[in-house]
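Both complexes shown next keep chain A, but they swap its partner, so chain B is in the first and chain C is in the second.
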Partner chain A sequence: MTDTQWPRYEVFVQERPGRPHQHAGSVHAPDDEIALQNARDVFVRRPECISLWVAPAAAITGVTAQELAERGAAPEAQADGDDHAFEVFAKVEQRGTLIHIGQVAASSAAVALAASRRLADANGALVLWVVPSGRVTRSDEADVAPMFAPASTKAYRDQAFYHVQTALQRMRRSRQP
Partner chain B sequence: MNPELRRALAEALLALADDEMILAHRDSEWSGHAPILEEDIAFANIALDEMGHAQLWYRLVAELRDKDPERLPDRLVFRRPASAFRNVRLVELPKGDWAFTIVRQHLFDSIELARLARLAQVGHAPLAQTAAKILNEERYHDRHTRAWMRRLAQGTDESRARIRSALDLAWPKTAQLFLPIPGEERLLEAGVWVGGATLAGAWYAAESGFLGELGLDIEPLPAESEGRDVHTEHLEALLTEMQSVARLEPEAAW
Partner chain C sequence: MTDDGRLAEFEARLARGEKIEPGDWMPDEYRRQLIRMISQHAHSEVVGMLPEGGWITRAPNLRRKLVLLAKVQDEGGHGQYLYHAAETLGVTREEMLEALLAGKAKYSSIFNYPAQSWADIGVIGWFVDGAAILNQTMLARCSYGPYARAMLRICAEESFHHKQGIEICLTLAQGTPAQRAMLQDAVDRWWWPTLMMFGPHDSDSPNSPALMRWGIKTRSNDELRQEFVDQTVPQAQAMGVRLPDPELRFDAATGHWRFGEIDWDEFWRVVGGDGPCNRERLEARRQAHDDGRWVREALAAYAARP
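After this line comes the complex of A and B, so read on.
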């Protein structure tokens, strides 16, 4: 079967200043600009967002801690070409999501992963992702008002706005003999 | 503000509110039917935003008429016949295909953006503040619909053909958005309104530039004389559906 979906992008949300960007999920989009807009519409329905990043899933290289440990004994990945920046994301809790833990300079994703181990060990990472910084599309400062601020006045998008639970409990109680 | 001016301003804001409400309803018809899931969510957000803007304007109408701002908006939306609506005909046309939806939304939003930027500066604080608040959201709508305009206009033969015919249908209908609203002169004298005539020139120049970049040629806007009290047959059908639940139980409390 042919996959007719648009390419997948991974979405990272920063909720507050001083907090890392955190993986929120993924969206499909035909290109970077639409990916950022789709990410806003799908993942910023609640007000906690001050910055949004999207990266094509195809540009992300990921490994588990176990794979990383197995590679530990292997020779360091060979450099190929000039260094450029990679963003590093790590999952540090079993039930947690990937968070941005920093940046490394490397000539390839394999070298970036090897270089990330230092950051990862400090964070106790279970899963690591690296993505070339140039492939990450970021919201600008100027986007905060039109893209994210309106969500703060839209309480109806939050499930707590709807008193369905309370109403159901009341209905159940009234049915009890 | 004297009573006559309040009446005139309420009438002008009713026109803005009805535009937003009817467009919101047309947009909401895409819920569950947009081209992909992500766009379904994005466009449902836009529909809800437009409905929220309508509500803000209806509340101001209620305050200007000394009516209850909690109750009047529902009455205006669910109890009026088509002949009492003051929306432009562009927003009542059936939703059509995706290209028409995007073209209409883009044309409407870009004109609205120009109007709101000026309304945010007028000498009536509740109006200026509401305009500034709506403006913030419309900046995002404008960005979203422009992104779609570019991709459809520069996409495939089919998307280009569809956007061309959508533009041919929507373009002449945008002229009505620049017509003066009855009673507008005294609002302009009082410095609490922005006339469509003052927006048309700059908007047309910017819009023909944008469409030109996309390879879409347009004619000058046609002369439009029929006002906001004249509707197509589509409004009646839209209201019959939109008001059907409210009509079942007119005294129901929500």
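After this line comes the complex of A and C, so read on.
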């Protein structure tokens, strides 16, 4: 068996209820299930996660701000076949990352991007990604506790656990004559 | 648009404080410098697990063991965040990993020094992570979006690394004469290599002008090194440890601590591959890669099941 690189998956983390999933980075994995597991190990060592999504990078169609600007007047993409759902992600702040802004129904990624433009324009998107909803693997509601709860019992991973400034001040004072 | 026009537009975007994203036009040199820097940074996180990893089973109590385990695990994760950021520029993880295993890639020289005693674990957190955080806080504001975001994540997680190190040192500083001597010995060995982490003087740093011009770095090596010295000297005084530099003195006129000249021969020797542990570190990485082969094969077989 050749020991070579696996496909890349993009990872999206939801930190709190009511907040959108946001892009965190990527992992490599041989399949969707392991990708979700790897994403959990790499990106959720802290408690701030209630839901995790992974999508194969190959299934994502994206455009940058430059392309959005250059294609401003491009004609709408032609529909081909039946509509299905796409998840739409957009980067809406210079310092931000891609966040999930909604869903569109479209017959192809090109049509989905065109449809998302209207959604994105309202948000002032700088980068836009669409991915077929069926290609997104989501953490199961039933697995939320086993997947994410262990992080919340590890308070020592948080800098607030350590009171070194107070201790340093105390030592400094004890050295003064 | 011509390349000159694109370059002008690119620099105008930087001047407006915009972040460059994957797929945006960028000068080849910007891409090349970022790949070089981010992959070296990723390798440093991965190799950085080794000096401390050896102490996990020797930690003095369960609490220290849990903390060290979590810290080393973070470093593995931080390496992955950074490989991800480098990949967005068109290089593959496989290429980067192969370069590391083949001994062709650079990583921070600090990890070519051995962790000889438990006090070293404290001092690595206090000095090495303290120095790394200054550099990473700067990079969290850099012009390339994926690198800046990876750094933000790393900085948020890494302040615990710094603090747990100070906590170990504080414990030893208030301990027995043997514990205090062990702390002093670790400080004596790590002080100068830590100052070297910031890289050559600005005047001898070949990559710095391009990095500063394009907002990858926003502060110079010497500026960051000075901030590290200024923040660390008062902590050492509080702990009652001596920093091994006879020229160290406070300059009231500038408000900064002046320090002696770094041994640049040692710096270049270790960068060039001839440090105390260069060969050992690479050997350990290769061994880890080989030892993990059966796991990769098992996962691939599972994914390929009918």
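Keep in mind that, in the parts below, the second predicted complex is superposed on the first by the 152 of 177 C-alpha atoms of A that agree within 3 Å, B and C clash if a C-alpha of one lies under 4 Å from a C-alpha of the other, contacts with A are read in each partner's own complex, and residues count from 1 in each chain.
We take it that contacts are C-beta pairs under 8 Å (C-beta built on N, C-alpha and C of every residue); 3 or more make two chains touch, one makes a residue touch a chain.
Bear in mind that the values here come from a model prediction, so they are computed numbers and not experimental data.
Touched residues of chain A, counted separately for chain B and chain C, are more numerous for C. Once chain A of one complex is fitted onto chain A of the other, the partner contacts of A:Ala145 are limited to chain B, with no touch recorded for chain C.
In the superposed pair of complexes, A:Ala65 makes contact with chain C only, with no contact to chain B. By the document's definition of touching, both partners, chain B and chain C, reach A:Val42.
Applying the stated contact rule after C-alpha superposition, one finds that A:Gln94 touches chain C and leaves chain B untouched.
In the superposed pair of complexes, A:Val27 makes contact with chain B and with chain C alike.
Common to the chain B and chain C contact sets on chain A are residues 6, 27-30, 34, 41-42, 45, 154.
Of all residues in chain A, only 6, 27-30, 33-34, 37-38, 40-42, 45, 145-147, 149-150, 154 touch chain B in the complex they form. Contacts from chain C toward chain A in the complex involve residues 17-19, 21-25, 63, 66-67, 70, 73-74, 77, 80-81, 84-85, 87, 92-94, 145, 148-150, 153, 157, 159-160, 162-164, 166-167, 170, 173-174, 234-235, 237-240, 293, 296-297, 299-304. Taken in their complex, chain A has these residues touching chain C: 1, 3-6, 8, 24-31, 34, 41-43, 45-46, 62-67, 91, 94-95, 97, 126-127, 154, 156-159, 161-162, 164, 167-169, 171-172, 175. Against chain A, in their complex, chain B makes its touches with residues 36-39, 41-42, 45, 48-49, 52, 136-137, 139-140, 143-144, 147, 151.
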